[in-house]
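See below for the structure under consideration.
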């Protein structure tokens, strides 16, 4: 049994990690930390857990939390990481973090897109980008894993085989994506109120969303050249689910069949990546509640352009379930452990 | 390992049973029968199951299906049961059925409320009403289990402790309930189209819903007297979830605390029945995706009336998960096996 | 042209009043007052109004606002009324208010249910309960109209003909109602976030909702006896719409046809009250966006009980559109003016 | 008063036309034709209209329907047009049609994308593409107006100023769009059931949607060159609303301010086209229920690319309300008549 503490356990990402770990056969949750609910049972905040997992929320006492755990998972509001992560690392603990702070190779890129100074540049050298399909080996022994953003997970896995195989022009890549509202977290902002979101669809942060830079970093590494691309997030009136629609111009003409073959080869052995058959397009309902990413491929022969559709649960493969996948890798456990549930569909 | 065949596997109840059983450690699914999709993989119909459970749908060949299984679960459109169940029973197979056909003690009641002749009255003597909290012992050895309707499950468990303890007047019981749309099944009726249901709330079959008679049968048995009551179903714009709001006049004044105590005593040891603390009211999101029923109790002292709120997932405790609970009992397995998942909340 | 100012114009009730009045042929909006958005165009807050109605939001300067208007409509957060209404009345202005402060005949009832001291008891004598179907004459010349709550509007109109005609037992009246989320107003409470509300259904404030006392006051007056009843509000995952399901025991047996006749007689000439034909049940989508109330009647002969279903738009007949109806009456205009739009259905 | 008959009045497009015309001050509805509901009141099918507009549905007797009307609006299932339109035209009636049959200049393009033979090629010469902002003059005297598809309306108006002014490269235009479910019409297909759509987001008909060809025809005319582009429709879990996110590479660098200026100049005097201020992005809720199109413009300077966001109500400007706008033009009425309602927001 591996002892794991969850810091920031009552946010939407945190509670989904708790939901997954409480039934994980090889993990023992040692702490659920929530500054807002110290002393309350976590099942009083999320009553779905009543009689299933009733642990009491602890204050963030780093020594206390760290002493009980081998690995800590942090899902903290932006800006608090710097008070927490360095101390955990200094105490020899391994960490899986959900902020943007450790996802970047370049401090400058981070500072430009986040508009703030990076306070822990030395930790960037330690950190590994926690996308198992690309960085499995590095994750295995990492001391600090930066779990990718939801949009980057969905986008990078959707386009990786094309770039790694030099199949597409890198100049006109466009990623148009839509997310469920849980991506905004457990917030009380007016914009995410039921009456503001239901029966509405909109884009937001067009050309300026921070995840653009995270996607660009990783696709540039895959293509071995500097790539800039368009990324437009949209908000759809649903709780969970994310779809990326990715456009790229083919260098040479390829059939859909060839590209599907290429994707299947690239993701060979990857249980959580499902490449759909020709003519099939992913629905987010098929992955909601799971760690799967479903990828459909369409070739528009008229335009010599490929359109890739990739679907995840933004709280699943896009956050919490992927954190558990990372955790399994870090612990030498089979990657599927605790993640066997397929999507709910209904 | 117990071998189980699912007949009617591609309806909403059937596929939820398949989703639960495919990860059940002690059950082996031997057939998924679907007349509409013979020869197709079930994961082509429900792609959430792709690479997780890809069994091919079989035609309904009773001999073939029965030979492979110890127990059959049937979730068939109304009127087909009579072609199937008697033959399965005759072959010595045990059956868990989801129709209304075997839920009644009285053929007359069935015929009155269903408006058709009962074609298998002899099987009624064999059949057990599959509500584990009331009929656990009978289910254990039953040859034919009639899984209760969703509204009856939610209503009967909500009111049982009051009637079994003779706490309320039986004359003015009112059950007002709302269900998610999946209760209508995998139908193509216009009334259940997205544009007809979203941003809408309505009652239906007021004073005439068949489940009224099923509820009345069971509460009459509990109270040891003939009870007639009002039951009004409503349709809420959501996929899963059911809430019953139950009103009854107290014979003698009781505090909320006393009634909660009484409920907890009545359901002692029942893992899937959660009696909420005083002041807490159930949300359907807390039970969606699970086999739990959450029950909240309010005493209106001004009126000497109790209001019970009981919440289930209509596809969970209201249908498929309860079928798995019945199956576990029939097989001598721990009742929680394969049903440990708490509700999703998000 | 009547000059009307709207105070509290950027809440959900206020903005719906603005939406209705801006196209009203006989009304001139003289001020839109919003403390939160002083100096901004109302169409910057609600961009649906862009190029249609772009008035700038004013601060609440009572003299300034009052000088421009003949009638003021107030839709203020609780507790601010007392700073505003008495001054407007003192200045000789007529007021339509949306708080609970002026809906009560009895200061004691108000104070008991609201848990605070009533600060303007003298104004209660002036005020008229703004339900046109019951108080049309009084509204006509009223200086202060208290627009009813949404649940009371839906409930009182649903049951009035039964009580006024002494048709039902007054002891066992139960009103079970569900509302869309906009009833909570433009709030940022977590409970009304999209992710907390979607795919969820729940009751709230069971046996303690303030609207209970408002309903009881009016039904007692109608029946000419003191009535206490059960009222249970529920929250449905939709923006607009409200349904009340009302149960009462018939004194003598009546057919559905007789009751429909009685309702039609009682509401003769009431354009906004639609009594549905036998066998028809209201959908909230049919009244959403309108000032209609749809009422369906079912007699449960087995139980000698009537079940009345009444549907409104909680922001329409339940608040803003009814305010416009009151305004029309106060101004001697045809009641339908500016309210001709039927519900949207889609 | 102009006499207008609506043929196909009980589909979602038809009923929205009826809803708009029944309150239109200068239009008299002479027939509502619906083969499915002959002899029933339209307000029995759509009870929102009860007591407001209760006309009886007629069978399609072309002589009878034509004799009563000056102009006919047809919203028929595909394939029936050819039985109806030529006869109406032959009788000297003017027609506004909602099928794809008369939107094309080229029979070949139609036949290629629709996969069927065009049966009325001669009528193509008569027909005018009913997009008022581009073809107002032609619509005025047209005998046959082909109301554009919803996606084409949203896309063409979104990109027109860029192409008409030769501002963008025509090679890499990508239109990524999402629609509410009402776009599928009043259908009983399983794919549009509530349980299949809610909490789901997906693309469909990628690279093959017929509207691609309609968009290409019009943008080619605007740019005076042959343009092929990517168009990807998505289905969002809402009833009404459509958003197009349009990407194009700028020929020369332009600021957002310059482009907004250009759009405002291009659409000068167009009441229904609202160009948002810099930094503002459209929400579909702002146009739902109205004839407005809201257009937001973002320049991604890093990529020298413009991203245009255009939002309509697919049933409003995308279908029925635009038909009324066309009708107003054809009748010499002010274009806003009957279309003054802003979007609902809530």
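Just so it is clear, A, B, C and D label the chains in written order, and each chain counts residues from 1 on its own.
We adopt the following convention: a contact is a pair of C-beta atoms (placed from the backbone, for glycine too) under 8 Å apart; a residue touches a chain by one contact, two chains touch by 3 or more.
The shown structure was predicted, so the numbers you read here are calculated from the model rather than taken from an experiment.
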Using each chain's Cα centroid, which is most distant from the centroid of chain C?
-> A
B-C or A-B: which has the larger count of contacting C-beta pairs?
-> B-C
How many angstrom lie between the CA centroids of chain B and chain D, rounded to a whole number?
-> 46
When centres are defined as mean Cα positions, the distance from chain B to chain C in whole Å is 38
Averaging C-alpha coordinates per chain, one finds the centres of chain A and chain B separated by a number of Å equal to 36
Would you pick out the residues of chain A that each touch at least 2 other chains?
-> 12, 182, 195-196, 198-199, 237-240, 282-283, 285, 346
Residues of chain A touching chain B in the complex = 12, 15-16, 19, 22-23, 46-53, 182, 198-199, 239-240, 271, 274, 276, 280, 282-283, 285-287, 289-290, 294, 315, 340-346
How about chain D: which of its residues touch chain B in the complex?
-> 12, 181-182, 186-190, 192-199, 237-239
Residues on chain D engaged by chain A in the complex (per definition of touch) = 172, 174, 176, 178, 180, 195-196, 198-204, 206-207, 228-230, 232, 234, 236-243, 245, 247, 249, 281-285, 288, 296, 298-300, 302-303, 305, 307, 309, 311, 346
